[in-house]
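One chain, chain A, appears in both complexes that follow, with chain B as partner in the first and chain C in the second.
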Partner chain A sequence: MRILVALDKNPYSDYVVRLVAELAGNTWAHVTLLGVETHVSPGELLDSQSAKTAGENAVAAVLDTYREAFLGFFGETDSPYGRHTSGYKLIQEKKGVVNLVYPEQHERKNLTVKCRAGNASREILAEAEQIEADLIVIGCDPGTDCKWEGHADICGKIVKNANCSVFVVKEEKKPRMIDCCLDHDTVSQASIELINQLVTLYHADLEIIGVADAKGLKSEVDRRMASILDYYVSRNIKAWVKVVDGLSLNSIIAQAAEKNLVAMWMGKESFLDKIFSKQRLGKLVTSAESSVLILR
Partner chain B sequence: MNNEQQISILVLDDEPVVCKRLRPILEKKGYAVETFFESEEALKRFKEKPFHIVITDLKMKGLDGMQFLTAVKELSPDTEVIVITGFATMETAKESFRKGVFDFLAKPFKLGEISDIIQKAEVKVRGRIS
Partner chain C sequence: MITGLISINTNLGSSIALRYANELSNKIDMRLYDIHVVDAKKSGSSPGFGWVQKTWENALIESKSEEIRQFLDMEKVELPFLKTPKILIGDRTEKLLDELQTGQYAFFLEGALPSFNPNDFYRLVHSRLYRLMPCPVMIVKNLVPADNAALLLDQDSDHRDFIAQFVKIFNNARVKVDLIDLKFSKTKDLVIGETESRDLHMKNADDALKQSNVTSGAQKTIEGAPDKIAECLREYGLIISFLKHKSKKNNPMIELLGRVPSPVLIFWR
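Up next is the complex of A and B:
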């Protein structure tokens, strides 16, 4: 599993790091911590991140503190990410992309720290493509516009355009249940597996919510829900199904999000894609009070 | 076994889709692949013929993946075992390494990721026999 963690200087990034550390503690995933410097040109990135010129406000320096926090989650002997070494060199991977390279750690799994220059959403998506991420995790303040520096609605843009699943983290909580909304029958194996890992992480129950349109729940969706339910029940996960009207989905999501984690399967054939036209989906994700997981 | 010898891989996962995805990719790379959905059957086959590399899920009905990998390592300590799991925990990861697995991979993963791991396991296997 490869997880891309998009980080900025806002406080929500602190608990994004903690959440990813917990998930990585279970999954031993390859993890990339990514920051984006939006105010410098790609050609100036390397110089701009130098501790001598930029000090502790440089994105690289901030990422270094996040790396410390991430590694702090693991014991010295148990960490799949190797010994807890400090002190990094800035190595340019290519124009506009700089890696923070640490002393040899003898790690089993990669913890990569890097900084990109440019438009935040574009660079995050480019990195996700490059590393073939299975999951992007990004923080956002609840119920407000995204506070990523210099850009509005970064999270919405990531959710709309990413090829992999995206976890928009808004608060630190342990959901007791994961509500998975489904309106089509094309559900990727990767998305089912990602839910498995989160159910394991949170010790959560699972509610599979079928979303009906004006004509009711499509028979193929009904069948798919049944097969997904069988899959989870046979693996001793407490799961059940329910069907809701698509028109009331917004209020259902708002209610569920108070205590649970809301996940939505958003495929190409998704009716949810129509309910939340690309623009509205971004808005829903950005303005939601609670974390949202978009499954692909 | 020598460096010209075809590397054999046993894949065990009770989710048919995993075996279905992996088998053609691995065969295309020149490995001799056998896939199993049930651990008892896989173990029976392994007793008949040890494999160079084993890829096994953890959570399965009957004999689970941890028991299976223990049996494999007892029967053939040189076999490199790669654990893949949809329900990963820190404990299962640590226990897997204590039992001598080559790598631990949580689902979901891209085929490129597991291919890289298998390639590294192959290097280790060939290094041992050369």
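Up next is the complex of A and C:
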């Protein structure tokens, strides 16, 4: 599993780092911590981040503290990501992309720290594509503004355009239930396992919600729900099932998002894709008052 | 030993119902008979009449029997008598009513996935099948451990008949039964308390359970709106209640039973 964590200098990113560290502790995923410098041209990125010219607020310096916080979650001896080290070198991967390179420790799993310059959503999506991420985790302001690094539409754009799962984390609150909506039968094993990890992480119950159309629940959705239920029950995860009429899905999701974490499996054949056109999907994520997980 | 009838289809609802029944059979001395009704209308029209129709129906029954057998094999239930499902062809409601009336079953059990819309539950309990059902019905909505149950009472009704029916099924059952005295109101938060010993109807119910070797647990009063109470009852593996066949849509008990995600056992009045 490859997780891309998009970080900025706001307090919610601290929580995102802790959350991803816990997730990584269970999954041993390869993790990339990414910051985006939006006010610097790609050609000036390397210079702008060097310790001589930039202060503690440079994105690279902030990412370094996030790396320390991430590693702090693991013990010194059993960390698959290596140990705390002070000092990094800035190495330009290409124009507008700089890596923070730490002394080699022969880690079992990669913890990469990177900084990009340019448009935030575009750079995050480009990085996700480059590393073939399975999941993008991004924090944002709680409430309906959903600002990331001061911009209101970043998370919405990422959710709309990413090819992988996206977890928009809005708050530190632990959900008591994870509501997973499903309307098609092509569900990736990675996404099922991700839900498994989140259920464990949050000590939450799980609700598998089948989305029905005018003719009721499709037999392939019914079968897929059965197999997902089997998967979780065999792992002693308390899983509930429920059916929702597609037409009332919007309001149900809004209600559920108040206390629960809403996750939606969006596939190419998904009717959810039609209900939530790309514009509406972005709007749903930005307007939801709590975290939202889009599974692909 | 009591006997129940379980309606089987090859879907998630039936899968959940089967597995729940399997677990329940370890706690209640019961035998279940399974039935599947092939809806002839959905299977297309018969290519002819007389022996042609009969042959067609037999072929349909044979193919459904195989389908159900495979489904039961996949579910790996441990109840051997479930391996020989009774397959009937015709109108599901009428066939099930016939079977329930002639079979003298102690209860009927089926799976029904819960929905967000309580009206779906209202439609179910007001269907012809449920309105004319001669025995209690267990509606399995989710696969949960059947270790504890909540027996719902209210102060306005005489529960003697209900309790008498209940203990017939739960006699010597290895399920802990909490007695819940319900009061529906529009209060924002739930008010949960211990019942006082002077509450005669609770005491009578508790005595009846003890006489039948039912493991009685806590006695509580819960006051609040149906949706809030339903959430609170999620912790139970079975919700047991009585309901009038002619209960209206705005009956809070209908809303409560519709919203609660756990399996429900309804005794009719």
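Everything below uses one rule, namely that the second predicted complex is superposed on the first by the 289 of 296 C-alpha atoms of A that agree within 3 Å, B and C clash if a C-alpha of one lies under 4 Å from a C-alpha of the other, contacts with A are read in each partner's own complex, and residues count from 1 in each chain.
In this section, a contact is a pair of C-beta atoms (placed from the backbone, for glycine too) under 8 Å apart; a residue touches a chain by one contact, two chains touch by 3 or more.
Since this is a predicted model, take the numbers as computed values, not measurements.
By the document's definition of touching, neither partner reaches A:101: not chain B, not chain C.
Counting the residues of chain A touched by each of chain B and chain C gives the higher count for B. When both complexes are overlaid on chain A, the residue A:233 reaches chain C alone and has no touch with chain B.
Of the two partner chains, chain B is the only one that A:132 touches; chain C does not reach it.
Look at A:69: by the touch rule set out above, it reaches neither chain B nor chain C. Of the two partner chains, neither chain B nor chain C is touched by A:254.
Judged by the touch definition given at the top, the superposed model places A:80 against chain B, while chain C stays out of reach. When the shared chain is aligned, chain B comes close enough to touch A:2, but chain C does not. In the superposed model, A:241 makes contact with chain C only, not with chain B. Residue overlap on chain A between the chain B contacts of one complex and the chain C contacts of the other is empty. Listing the residues of chain B that touch chain A in their complex gives 15, 17-18, 21, 59, 86-90, 93-94, 97, 103-110, 112-113. By the touch rule above, chain C contacts chain A in their complex via residues 11-12, 15-16, 113-117, 141-144, 261. Residues 210, 217, 219, 222-223, 225-226, 229, 233, 238-245, 248, 252 of chain A are the ones touching chain C in the complex.
Across the complex, chain A meets chain B through its residues 1-2, 25-30, 78, 80, 108, 132, 134, 189-194, 196-197, 199-200, 235.
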